[in-house]
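Should a chain be cited, it is by its letter among A, B, C and D, assigned in written order, with residues numbered from 1 in that chain.
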Amino acid sequence: MFNHAELRERVCEANRELVRAGLVTLTFGNASGVDFAAGVLAIKPSGVAYDELQPDAIVVVDLETGELVAGEGRPSSDTPTHAVLYRCFDGVGGIVHTHSRAATAWAQARREIPCFGTTHADHFRGPVPVTRPLAPAEIRGDYEERTGDVIVETFERQGLDPLETPAVLVASHGPFAWGPDVAQAVENAIALELVAELALHTLALKVEAPVLDDDLRERHFSRKHGPAAYYGQPQ
Amino acid sequence: MFNHAELRERVCEANRELVRAGLVTLTFGNASGVDFAAGVLAIKPSGVAYDELQPDAIVVVDLETGELVAGEGRPSSDTPTHAVLYRCFDGVGGIVHTHSRAATAWAQARREIPCFGTTHADHFRGPVPVTRPLAPAEIRGDYEERTGDVIVETFERQGLDPLETPAVLVASHGPFAWGPDVAQAVENAIALELVAELALHTLALKVEAPVLDDDLRERHFSRKHGPAAYYGQPQ
Amino acid sequence: MFNHAELRERVCEANRELVRAGLVTLTFGNASGVDFAAGVLAIKPSGVAYDELQPDAIVVVDLETGELVAGEGRPSSDTPTHAVLYRCFDGVGGIVHTHSRAATAWAQARREIPCFGTTHADHFRGPVPVTRPLAPAEIRGDYEERTGDVIVETFERQGLDPLETPAVLVASHGPFAWGPDVAQAVENAIALELVAELALHTLALKVEAPVLDDDLRERHFSRKHGPAAYYGQPQ
Amino acid sequence: MFNHAELRERVCEANRELVRAGLVTLTFGNASGVDFAAGVLAIKPSGVAYDELQPDAIVVVDLETGELVAGEGRPSSDTPTHAVLYRCFDGVGGIVHTHSRAATAWAQARREIPCFGTTHADHFRGPVPVTRPLAPAEIRGDYEERTGDVIVETFERQGLDPLETPAVLVASHGPFAWGPDVAQAVENAIALELVAELALHTLALKVEAPVLDDDLRERHFSRKHGPAAYYGQPQ
């Protein structure tokens, strides 16, 4: 039988880490993790204060139907967005959504974050893309599900690999970040906020700041990711 | 008989929460709560350090006359502003005034905060308005009461519902936020500072940043507020 | 006999408060207090880490000659600047020098801080002035004493009362703040950093931001200071 | 025999200090120390979380060959950069690399940090230089060693003394700082981030901000450094 306890514990810990990293204000933000074998995702309950959050408050829902599998209370209202991404993005096991300061400013300005330096290239193989604004009909219907769709559409149109560019800015809304598991999704959300802030300051210093040369971008990305990686300890 | 203790405790806790949230420097700021049945408001004493603040230091004054009902010492010098808002804004049960960094910058620039994203729309149904500057005669007379009047005038002229736009910027001064009770007033003050900071960064990235489409603004506001709300746990 | 212990304790506590308020980095900054009857000032020793600072490490020097009266080690290298201000500014009993972020940026830009709002007017009756740059001969000679002289010159030329404008920006250097005692000097240094940051953000929002009307500036200053003050608790 | 324990303890403590000073996010950053007599440098292991860091996790490698001398696991991937600097910069005993916010923004904008004030001159005798971008062939080869080479080249071309200008910005990457030992390297990294932030705000206030006059720059540098220094306590 599927062990909810372990997944809920990891998801709870990830949500708490978002607070420690300064990425959330009030109850804005949520982290989820998935178990494909069990066909479920575990996510923060909606509108619950972070300092009260315990593993058994984490809600487990069916990945396809969204129905409650374990836990009490309503899952995060953004749950349908998470579910779309799990269903469409191969290899994604954890997702984080925040309204972190710098990344949200880029989302509100509807600008992608250019790759201005190696800090960015260490985590994202190119610019962090921004979605198109949702159309009125998309907003009035299953809005949160359409938000997931427009993220997927953005990656398909630009031919991006979600595991190489593990974040997106939803126009006029804010960032989503992800990774192979929820802990790595949190790490990518933290890295995203840092590169968003660095890019904001970089443009303040030079309106036409140069983006990273392809060679340097590839070197940094590949020294941390893929078969030739030599950053970190051997696994 | 009216239980002062409970109201003072909630107002004291709200004032302390302003400090924890980073909204106040020195003794700049105050939170109040009202009891309409008893005809009183409870507010922080003037110029008292936050770390000394205990519930029995909270001052209780008559809502109409401003006379001291309980507690020792002078109430916050902004008390007449709070009293005007309680008398004129139906449903407001708590008020917060701070000199928080980003919101005060908008007040000093005498600019309303445009609704640039869903973080804003989650709390405020449209732009956060800015008052006109007070006239010399208003400043020389009952200045703090006139500050309340100009806030009410701003909402009347723009046809705003105070519970849908629970904050204002007083020109060249700073923000006031409110809510059905003092805890929600604090939450709105925290949300206001966040959206003020996001808007500041957004304009740095795009001078002509687009405001949120009406559909998206309404969707986000109404998923948190009103009869069709589905954010948070059922009450 | 003069009680060094009490003065040193207050000066030590003031220096520690600068750290808690986030105004100092490394060992940049110093607070001093004076005892005119005893003809001495007490100040932080030069280059000593704040977390090691104890009252008996505070150095006491003669106000006229600068000679060591009590304590071991070298006084802050800025001591001659403090001494000039104590000798020339009537009523000043405490002085603080920091390299706090926003105020130092204004000093480096060689711009006075305009009075953009009531937060400013609550502490400073008008703009916070900036000195002229020191001449080469002044820099090569008794540099720290000349720094004090140029502050005094600035106040004399502009006809300012040091107790109504209890701070200055030394061009290309940083802020000095003062008050009737060292605790109030610290409070003014904290207020200065806040108004410097607010003014920085205000200009980012509106290049030609309006300064406060005279009436409002006077109202706010005089509700906190002077015979008609009604802010804070009666003394 | 060489005492690894003492060097590893100092290097471990320096790495932890980077976190306390707010200079590192996630695992971005590393501090190293050298022992020339033993021909080794000690450095943070690659990709290890700071809160797990203990002295015996610090890796010791041969200064010439890069071979592991003590400790387990892979040294920081930036180790070859550190080694080049130790071999070429006389008197440098400790090196720090971070992706601190303001300094990295200057590196990404490929701008040197001008000497705008005395805070800067207290630590750096002139502008903090920025390297040229690395050429594609340099990036594809021994990239980290070439990063060291381009730093050395920058200092040689500009005729700079590494102990008088103990920091550099690597174009599109981030800052390196150093000093006679690892503790002073950390101090210079902290000072660099402060002056980078001050300079960012200074330019926001005045696009053509004036750099410090030579006299004042020399006065401040020499009151802290060299034979006539009078800042700090006599050694």
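Going forward, contacts are C-beta pairs under 8 Å (C-beta built on N, C-alpha and C of every residue); 3 or more make two chains touch, one makes a residue touch a chain.
Please read these numbers as outputs of a predicted model, since none were measured by experiment.
Here the C-alpha atoms of chain B line up with those of chain D after a rotation of 180°, rounded in steps of 5. Look at the CA centroids: the one farthest from the centroid of chain B belongs to D. For the self-contact between chain A and chain B, the two sides draw on mostly distinct residue numbers; the shared fraction is below half. Note: centroid distance chain B to chain D, computed from Cα atoms, is 46 Å. The distance from the centre of chain B to the centre of chain C, each centre being the mean of the chain's C-alpha atoms, comes to 33 Å.
Residue positions of chain A touching 2 or more other chains, listed in rising order: 204.
The touching residues of chain C, when paired with chain D in their complex, are 25-28, 45-48, 73-74, 77, 99, 101-102, 104-111, 133-134, 136, 139-140, 143, 172-174, 200, 203-204. Contact residues on chain D toward chain C in their complex (touch as defined above): 116-119, 122, 187, 190-191, 194, 197-199, 201-202, 204-206, 209-210, 212-213, 215-216, 219, 223, 230-234.
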